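Shared between the two complexes below is subunit A, which pairs with subunit B and subunit C, respectively.
Here is the complex of A and B:
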């Protein structure tokens, strides 16, 4: 599809029309940080954001999501997707959504996630800034971002809009677009290529070498216990991760004590009781008892177990875990450097 | 999503997308099952005979699990304890250990509960047919294996020698007393029982289940099924090794925290395997190199 150009002065009216047509979620400022939130006006959109506190995953797989509702004996599903436009998603988050799409789809299709995802139109955006902990320019470089409906890139004097699906094309009617010139298109391509260099952190090791080394150091308890020594098992790294999708399921009663919901909540494999089962008579078995084991499990998931399925690591380099970690031990760049520097 | 969405999207008008409806079932929607019979078999365990409320047949393989629950309490993974060869009804045994199991165990005949499944992979019956079969069950491990035991007894000619070793902590912890009484007399099954600690009612073997191997010769070509507490696996496997039984001929029925039962929630993972969809039945050869396996 021919790329389209939208002049700077036509941008706000475009976004205003999108907002008028239906819910649009985009990056907005929250104190000194950014979050994805429903846009009430184009002026709220902070398209110069570096990274959001939580990834856009929360729109399709919210921190708490009802799976089933009940009222007395009546039990019913509650998949109620919202047809929304998600605007300004950085490519690393697009990659992460593509991964969660695949993981929720494989073997048993999880409609509670997929229906929300399918109802959304994803407008990606070439990043204008990178957070200080981001390393998306150097991880999973062989994995192309896909699954988005359009890509928006800032160029001098305006924006280049590349529709990738019919849903992306459908948005064109809301703006005063013109066919992009060769110069404008090549400026967009250059901006795309340059974007990765905005990251100050860099992963020096190829994914395949890391995946292999992860397996060889699996039993190195000293390594993992050392890496996890300061871990508080708080699960902040899991909570902010765009590719983490583990959840707990809990039933909740409404005040009438008759009706309620079965709801899934984000869970964290770093939390102490994540793999714990009761055996009865006050006995229990924790299949991942130490913080070293739990820390290792997370890194195996990110750098090894899923690589074959996803075509690359299950980490997109957003740097959220590095920034969120209470003890500052979660930074994948540092952890992988330590592992790769270890004699095998 | 109403009410629980931190991002505020839920507060906006919900516009159901017709394009995404009816594309597939809600994996978490349970089916109602009626309790036909409920028997408190031990102080902790209750044996339920169930039938789907819509009278339809539950199709399953021995070794598969169900998510069993009550709305407002939750769900727990429970192995099916009866054979699919016995039509119309199915059995489960629930041990009272937590919130859900305690609530389920208050149910009596005439009540109903909710089930999802069957889930996961059961026993590969084609690999067991025409072979000597040994089942080693410890404690509540007899429940999921009872499904296979009944299956073999119902199709006895398809299998060769059939041995069951059953160990419990104390005699009063024994499950399926009627079955045990029948199996002790039966020529179709060689039942060997033991208890860790005897009481005055017990005249049989005393000691851990591995001690039974001293009394029962096992052919190295035997296919072996092991199900019990995690500690039991280690000891049984080492005895089986000493009997030259190849590890691909040993099947383990594993227990983990299978919360969703559909391979998503992550709680039951052993390395990169999800016990709820890759198992719960594995050949030991499949899991022996998984560092997180027992």
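Here is the complex of A and C:
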């Protein structure tokens, strides 16, 4: 479809109309950082954001998601999707959503995720800034972002809107769009290509070489224990990751002790209890007991185990884990550099 | 099944954890009373009991030898003992006196010599009796206590988090204290509170104690390097709620924990 141009002065009215038409979630400021939150007005949107604390995954797979409500023998599902527009998603997060789409679709379809995902219209946006820990310009370069309904790019004098699906096209009616000129379109393409250069951190090693190397250093306990020495097992790297999708399921009873809710919560494989399993009444076993084993597991998952399934690493280079890690040991760029530089 | 008999007891503490339960208000309590009999609860009722009980919620730390007999007597009468609040779990703030000598003079001045102020090291109640479950926090999280009781009523083992507070901060997208040039103990503190303090711009003080395996060495490092604390402050910082846990791995949960009801299926 032909790209559309929206002049700067027409942008606010477009976003205002979108907000009036239904819930719109976009990046907003939170103290010194950014989060995806429902927009109450166009002025709240911070489209110049670098990265959000949590990825947009939280909109479809929230940190705590009710699965079923029960009352005695009566059980009902809690899938109540809201048709919303998710506005201003950076391409690395689009890639991550594309991965969680696939992972939640395979084998047993996870309707709790997919119903929310399908109800949403995803408007991606070419990043105007990159966070200091971002390296999305150099990871999974062979993996194209897909699964978004439209792509928005800032160009001189306005914005280029490229609808990719009927859902993306449907939003055009809310704005005063004109067909983009050749110059405007090529400015948008250039901005897209240049975006990756905004990252100050870069992964120097190709994904296949990294995946291979991960397997050869798997048993190097000294390496992993050393890398994980300062690890708090706090799971922050998992919790902020756009491609982590593990969860724990718990029941809660209401006061009547008859009705209640079964809820799933984000889990974290770096936390000690993640790998604790029962061995029968009051006995348990932890199959990744040391922090070195848990640290290794995350890197195997991100750089090796899922590569074939996803067509590239299960890491999109958002840099959230690097920033969230208080001990500052989680940065994939540094860890992979260490591993690749290690004599085999 | 007859309603479970539940009793609250207190040792060295402020009884704030009992007060916290009364903050549920009467609506919640009246509903709960359809399922349990509260037979002793000093902050809310005058009745006391010498009868056997199903669940004893024991608040406060063990700091006088004279309390040993009463603790043992409660244990003998109770099917399940829950350490109720941080004083009972780790001796909480009371344990601050364990590494100080002049606390009586500091607090009571000229009255420091009064005989009833004599006490020994503050210890968790698990130093005297077997504890089946723990409700951590200063004060306890009343919603968590309710879930612990609920789980026991349904024959299930209560689920208490063993991950740091960071998980809960990230889930609610709190800007990390360390990102704002502050310090925080959330990295080693047991979660389950919902992380309200960092969300209000206040560092976590680990009022639920440490996780089972706190990385104390790394904690000192980040308190100094990122939190800007001096060597001595970094060393002392965690003492408020975890003085009894320093340098030692937290006591593990007991091997066998009793249940009130027979375990049931996924729901009941």
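We adopt the following convention: the second predicted complex is superposed on the first by the 340 of 344 C-alpha atoms of A that agree within 3 Å, B and C clash if a C-alpha of one lies under 4 Å from a C-alpha of the other, contacts with A are read in each partner's own complex, and residues count from 1 in each chain.
Keep in mind that, in the parts below, a residue touches a chain if its C-beta (ideal position, glycine included) is under 8 Å from a C-beta of that chain, and two chains touch if they have at least 3 such contacts.
Please read all numbers here as calculations on a predicted model, not as lab measurements.
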| query | Among the partners subunit B and subunit C, which is in contact with a greater number of residues of subunit A? | reply | B
| task | Identify the partner contact of A:285: answer first if only subunit B is touched, second if only subunit C is, both if each is, neither if none is. | result | first
| query | Of the two partner chains, subunit B (first) and subunit C (second), which one does A:223 touch, if any: first, second, both, or neither? | reply | neither
| request: Could you look at A:115 and tell me whether it touches subunit B, subunit C, both or neither (first, second, both, neither)? | output: first
| message | For A:250 in the superposed arrangement: first (subunit B), second (subunit C), both or neither? | response | both
| said: After the superposition on A, what does A:231 contact: first (subunit B), second (subunit C), both or neither? | reply: second
| Touched partner set for A:272, first subunit B, second subunit C, both or neither | second
| said: According to the stated criteria, A:33 is in contact with first (subunit B), second (subunit C), both, or neither; which is it? | reply: second
| task | Considering only touches as defined above, state whether A:70 meets subunit B (first), subunit C (second), both or neither. | result | both
| said: Quick check for you: in the superposed arrangement, does A:79 touch first (subunit B), second (subunit C), both or neither? | reply: first
| note | So the subunit A residues that subunit B and subunit C both touch are 35, 54, 63-64, 70, 75, 250-251, 253, 260, 262, 281
| Touching residues on subunit A, where the partner in the complex is subunit C | 30-33, 35, 52-54, 63-64, 70, 75, 229-236, 239-240, 250-253, 255-258, 260, 262, 266, 268, 271-273, 281-283, 291, 323-324, 326-327
| Mind pulling up the subunit C residues that touch subunit A in the complex? | 28, 31-32, 34-35, 146-147, 150, 153-154, 156-157, 159, 161-164, 166-167, 170-173, 175-176, 178-180, 184, 186-188, 211-215, 217-219, 221-222, 226, 255-257, 266-268
| message | Which stretch or stretches of subunit B touch subunit A in the complex? | response | 1-2, 4-17, 19-21, 23-30, 32, 44, 71-75, 95-98, 114, 229-230, 255-257, 259-260, 262-267, 269-272, 277, 291-292
| remark: Residue set of subunit A touching subunit B in the complex reads 22-23, 25, 35-38, 54, 58-59, 62-68, 70, 75-77, 79-84, 103-104, 106-112, 114-116, 118-119, 218-219, 245-251, 253, 260, 262-264, 267, 269, 274-281, 285, 287-288, 293, 297, 300-301, 304-306
